[in-house]
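Shared between the two complexes below is chain A, which has chain B as its partner in the first and chain C in the second.
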Partner chain A sequence: MTELKDRVGEVIEASTTDFVAQAYELYQLPPLGSLVKTRDEPVELYGIVYHATTGSLEPGRRPIARGRDEVAEEEIYRSSPQLLKLLKSEFSALVVGHREGDKLYHYLPPKPARIHGFVYQCRPEEVREFSQSFDFLNILVNTRLPVSMEEVVAAVLRQMSQAHEDPHAFLVAAGKELAILLSGQFSQLKAILGRL
Partner chain B sequence: MTDRLGIVVSGSLEKGVEVKLDGSVSVEDMAVGRYVTIEGQRQRFFGMITDISLGVSDPRLTLAPPDVSDPFISEVLAGTGTFGVLHVLPMLTIGGDVASLIEGPQPVKTVPSHFSVVNLASQRDVELVFGGEDERRFYIGTPLDMETKICLDLPELVKRSNGIFGKSGTGKTFLTRMLLIGMLQKSAAVNLIFDMHNEYGWAGTSEEGRSVKALKQLFPSKVAVFTLDEESSRRRRVSTDFVVKIGYDEIEPEDMVLLRQTLNLTEPAVEAIYQLRRRFGRGWLEQALELPDSEETGELLKELSIHESTFQNLRRGLATIRRLPFIEPRAPDNPVKRILDYLDRGINVVLEFGRYTDITAYILVANLLTRRIHAQYRDRMEKAMGEDVAKPTPLVITIEEAHRFLNPEVASQTIFGTIAREMRKYNVTLLVIDQRPSGIDAEVMSQLGTKITCLLDNERDIDSVLAGVSGKSALKSVLSRLESKQQALIFGHAVPMPVVIRTREYGSPESYRSFVSGGSAESREQADKDIEELWG
Partner chain C sequence: MSLDLAKVAAQVGRMVTRLKDSRQERQERLQHALGVLGDEAFDLGALKEKIAASKTTWLVAGLVDRLAARYQASPTPAEFSVLAADGSHIDVDRHRSTRCYLINIGSVILRYGAEPDAILESFPQLYSDDEDLVIAHPGAKGREQPVEGALLGIKRAVEECRHLAQLAATQPPDSTSLALLDGSLILWGLEAYPEFVTEALLDRGFIRYLEEAKRLSSDRRLALASYISFPRSTDVVNVLRVAICPYQPADCDRNCPPGKARECDALAGVQDRELFLNLLEPGERSALFISPSKIVKHYGEHQVYFFYLRVDDEIARVEVPRWVAEDKDLLELTHALVLDQCRRGHGYPVALTEAHEQAVVTAADKEEFWQLVESLCLEEKLPIPTSAKSFSKRMRWV
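Right, the complex of A and B next:
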């Protein structure tokens, strides 16, 4: 079911609520808000990409500017091919649910992800199945993230709506769910709806 | 279309329950006065929408309104952040088990539990509550936005006195005419109608000036038209059955008491009437008017201890009465006996006043006749109780401008006040028609069994009509929002719960046919002929 080309990285840090994965290729990151999964037999963990970074492999060594004599940006990488090996792209995903056997659960799995677990990007049919229920929005809304919650929620819904036949109906249904979750915080709701 | 409206979110038995509308239902499609059913866990509730309001989940929404020009945002917020709230007054419960199905709907004693589903009432529900048309029930109109027939149980209705209220021009007369037809067909009662404006006997006019048929034309064998003004009746080509003349000797002091206000009599003048009656006997009125301005008269007045100015005041009043053309020194026939003859034969009597629409004439005649008829009924009823004789046919007396007879000052003295209070003991009840119900004595109002009211917009009138009704404040908002035509609120004895109706159509040939279809073959033929004439 899951193919090699859907593989986007490998878990390098994990906790109950989220995991960090390193992308196999520099800059080949899953988009913000996309649904990814990793396996810890027999459980499959689902996460939502909420943050990504690209930086030096070694924490103490910062990249320096190199393009002064180059005509195009691409030339920098061509003239210094080692750069691709000295830099890395990482992304963080918030765990929003898991699957055990045939059943999907929209709450936290019993254990965190395994280090070196492969991370796959979910396919549209899987996204569709997962977004049948909006229970995951509750986790997103109530977790403190380094990125503003409104941005992430809006990105998630935009991403998911693409997998649905009627994106508008999906967004309206999700919006109604949010309106209930954020019934006392109209300004946040307004910010999210404005980004959809 | 699904009929689900929303769910119950809060409320109390007294104030009614609040229903949060689903996002898919627009408040603009709702209307006060409409019926809903609430599916409780064990029983179904039947109620009426009494108010509609708007709710928001976050007060900030009202302070900084969202951009509703964006259809997406308004769609998301509909039913979530912003929602409609219905205020529903539960009125009846319909139990789910067999026993309660037989018993029928019962008055509510509790409220539905939280989050019970609320639906628009279906035709079947309404029929279950109000019953279909049958030999007892008379179809009077339909609920708002529904085709179901609302029927009144007429034998039950005439057991109490009833009232029809409404501002002028709201359809009181049409409603009364219709109710009279219903009574004529379906109740065992006979009617005596004091028809001030000549609208019930032969023909009336609609607001647009169209002539509409009245009782005698539709039911010639069941209605007799009596008139006080033969000339006017003849001009209007009404076939009358009897011309009412009243003799001086028939006027009793009690008949004068009611006229105190209209004739501008002083309190001592009314006292003087009694003294004159004692002195002169039955011919008191004639003799009092013919007393010359002589010394003997002065002596007489002194003897009776009537002050001169009091006597002049009284004489002016009596002269007004004498000027009424239907008052004669000697009446050729006894109108009371004639009316009773007809009533005994089960024929309804409409008394037309012709041109004498003056309130003095109306009060005098209505009071005079009713007092005597009531006395007769009382005697017969007492006889029926003592011996094994048939009781007299129930009688319904229709009076217009009822506040003149039943205002707090005179209600305790007039026969109408007595009838309204002692109700059906003597088989006589009232149908009062009035546009200023606040002018009617509160005690009388509270005795009215069923009240039918068209639009009223005076606060005091509304209060007096609704006095003592449960859910008064809720009904108030319904009442003041009735349309000015063809709509009425009915509540009381003859209906299981208050109901707003669009009254049945009256005035077209089809409507006449539908009215007489319950009547005799003769009148049915007549209606058919009318339709042929109309459509050629």
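Right, the complex of A and C next:
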């Protein structure tokens, strides 16, 4: 079951292939490669965090350097408490599957996420269940992302392996799957395996 | 067609040449003014009496202490909050079918100390009822003043003060805070309107909220002030004019008819801020003065005092009501916290910057607002006639 404490943000942009969510707390972002989900009843959409940014809430107001006379970074936020309200952290998630009822699908759902849909970090048992199948890797490998595919795939597998009892066995199985997916792209496969 | 800058360039050139030529003379006048200001031989009591007896064509600040007095800021308290309210508005557009206006108030609470925090909010309010659109004379039927243009600006200032008093009320007893407004505490624009308008907006509006703040200050350390950046006032220079006037008392109309050379013209064109930029060191405040505007008779115990404050290379005018001016602790708190806010905000109080950011209504916002009004009217099948002038401005054709 998902709980309030698993809630990490809210969808502010959505398309068939991905969604962007604003984190509720500045800098409180789900890690790169982690599995998150959002609901559009009766469907739950699963996404993999592939990118995150922190910046000004308003496009026209850029942050400026403030710490010249401060001893520690925290002092900047202490002496300008408004900063926490004027900055925002956002993360983007690639949709890699969905759940309807009890059935889990490792391909795109019929509709994109809803704007203002709550985004939850998936718990280990859910990550374990989702990663029983490696079919989602196909979407990751074949999508053009602002971050290199090798980085994201390796991050996903590292994250997911932590939810398994035997992380090593999980990574070996994933490596075999990747060897098939990237059979003609040896350098990419090598780059991923080197990051696990 | 946009502005043809090529045609303006020559005129700008002539203006700059003129400014350059007059620079030397202005500098001499400023030096003269500084000499008068620093003249310790002045008897403050006698000068006060002379000011009281004089009839001048310009407004002269009231004196409280030595003209050239200067004070350093006291340290800021360990725990304090700064509250600010600022507003912006969408004016009545007589070319639109719907008569209404909107005031958007931005409000800010910044808490400093062990548990720093910030609350930034905006409160848009639409006004379209008959009693909102005009200020009516309570006794004489038919006498009314439409709330638009400059008067809407004044109504906005009243709303800013109302929100500021509300913010002050949220502060716990025994807390320390400064409530800040942008601009002047003196709603001098009301001088142009009939008395019943002043009574509605000032006596039953602005003053009432100042009163509320004063009441709140009884059980919490609360100061209230307004901040004027780059002021153009000459109230203190005018004191010097009276001081050097050879007539006792000064009476401009009787002694110096138009065309006659006047001794006090040796100080003409000098502004208070130039005077105090030379007198004050960074962080220091000037002596207190009493604002001389005609409208201040309405202010009673909230009579407006002011001091100049040097923030780095700028002089700001800080206005406070009498209950702050006469309380040494609140006055020093105002000085310390305004200065602290300016230092945190790169020269301008950070709370006012953020309140403004919350309040600001851009040209694009205005256009969207009117589109919303018109689309909702259309949904309800209400006719929305607009003027041909408005239409021609929006649909530009060749």
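Basically, the second predicted complex is superposed on the first by the 196 of 196 C-alpha atoms of A that agree within 3 Å, B and C clash if a C-alpha of one lies under 4 Å from a C-alpha of the other, contacts with A are read in each partner's own complex, and residues count from 1 in each chain.
Criterion: a residue touches a chain if its C-beta (ideal position, glycine included) is under 8 Å from a C-beta of that chain, and two chains touch if they have at least 3 such contacts.
This structure is a prediction, so every number in the text was calculated from the model and none was measured.
Once the two complexes are overlaid through chain A, chain B and chain C fit side by side, free of any clash as defined at the top of the document. By the touch criterion defined above, A:189 lies against chain B but remains apart from chain C after alignment on the C-alpha atoms of chain A. When the two complexes are overlaid on their common chain A, residue A:56 makes contact with neither chain B nor chain C. Ranking chain B and chain C by residues of chain A touched puts B first. Contacts of A:171 after superposition on the shared chain: chain B is touched, whereas chain C is not.
Using the contact criterion defined above for the overlaid structures, shared-chain residue A:148 touches neither chain B nor chain C, since it reaches no partner.
Of the two partner chains, chain C is the only one touched by A:79; chain B is not. In the superposed model, A:179 makes contact with chain B only, not with chain C. After superposing the two complexes on chain A, the shortest C-alpha to C-alpha distance between chain B and chain C comes to 50 Å. Taken together, the two structures place no residue of chain A in contact with chain B in one case and with chain C in the other. On the chain A side of its complex with chain B, the touching residues are 168, 171-172, 175-176, 178-180, 183-187, 189-190, 193, 196.
Across the complex, chain A is touched by residues 108, 110-112, 116-120, 344, 350, 354, 357 of chain C. On the chain A side of its complex with chain C, the touching residues are 58, 61, 77-86. Across the complex, chain A is touched by residues 23, 57-58, 60-61, 64, 66, 72-73, 75-77, 79-81 of chain B.
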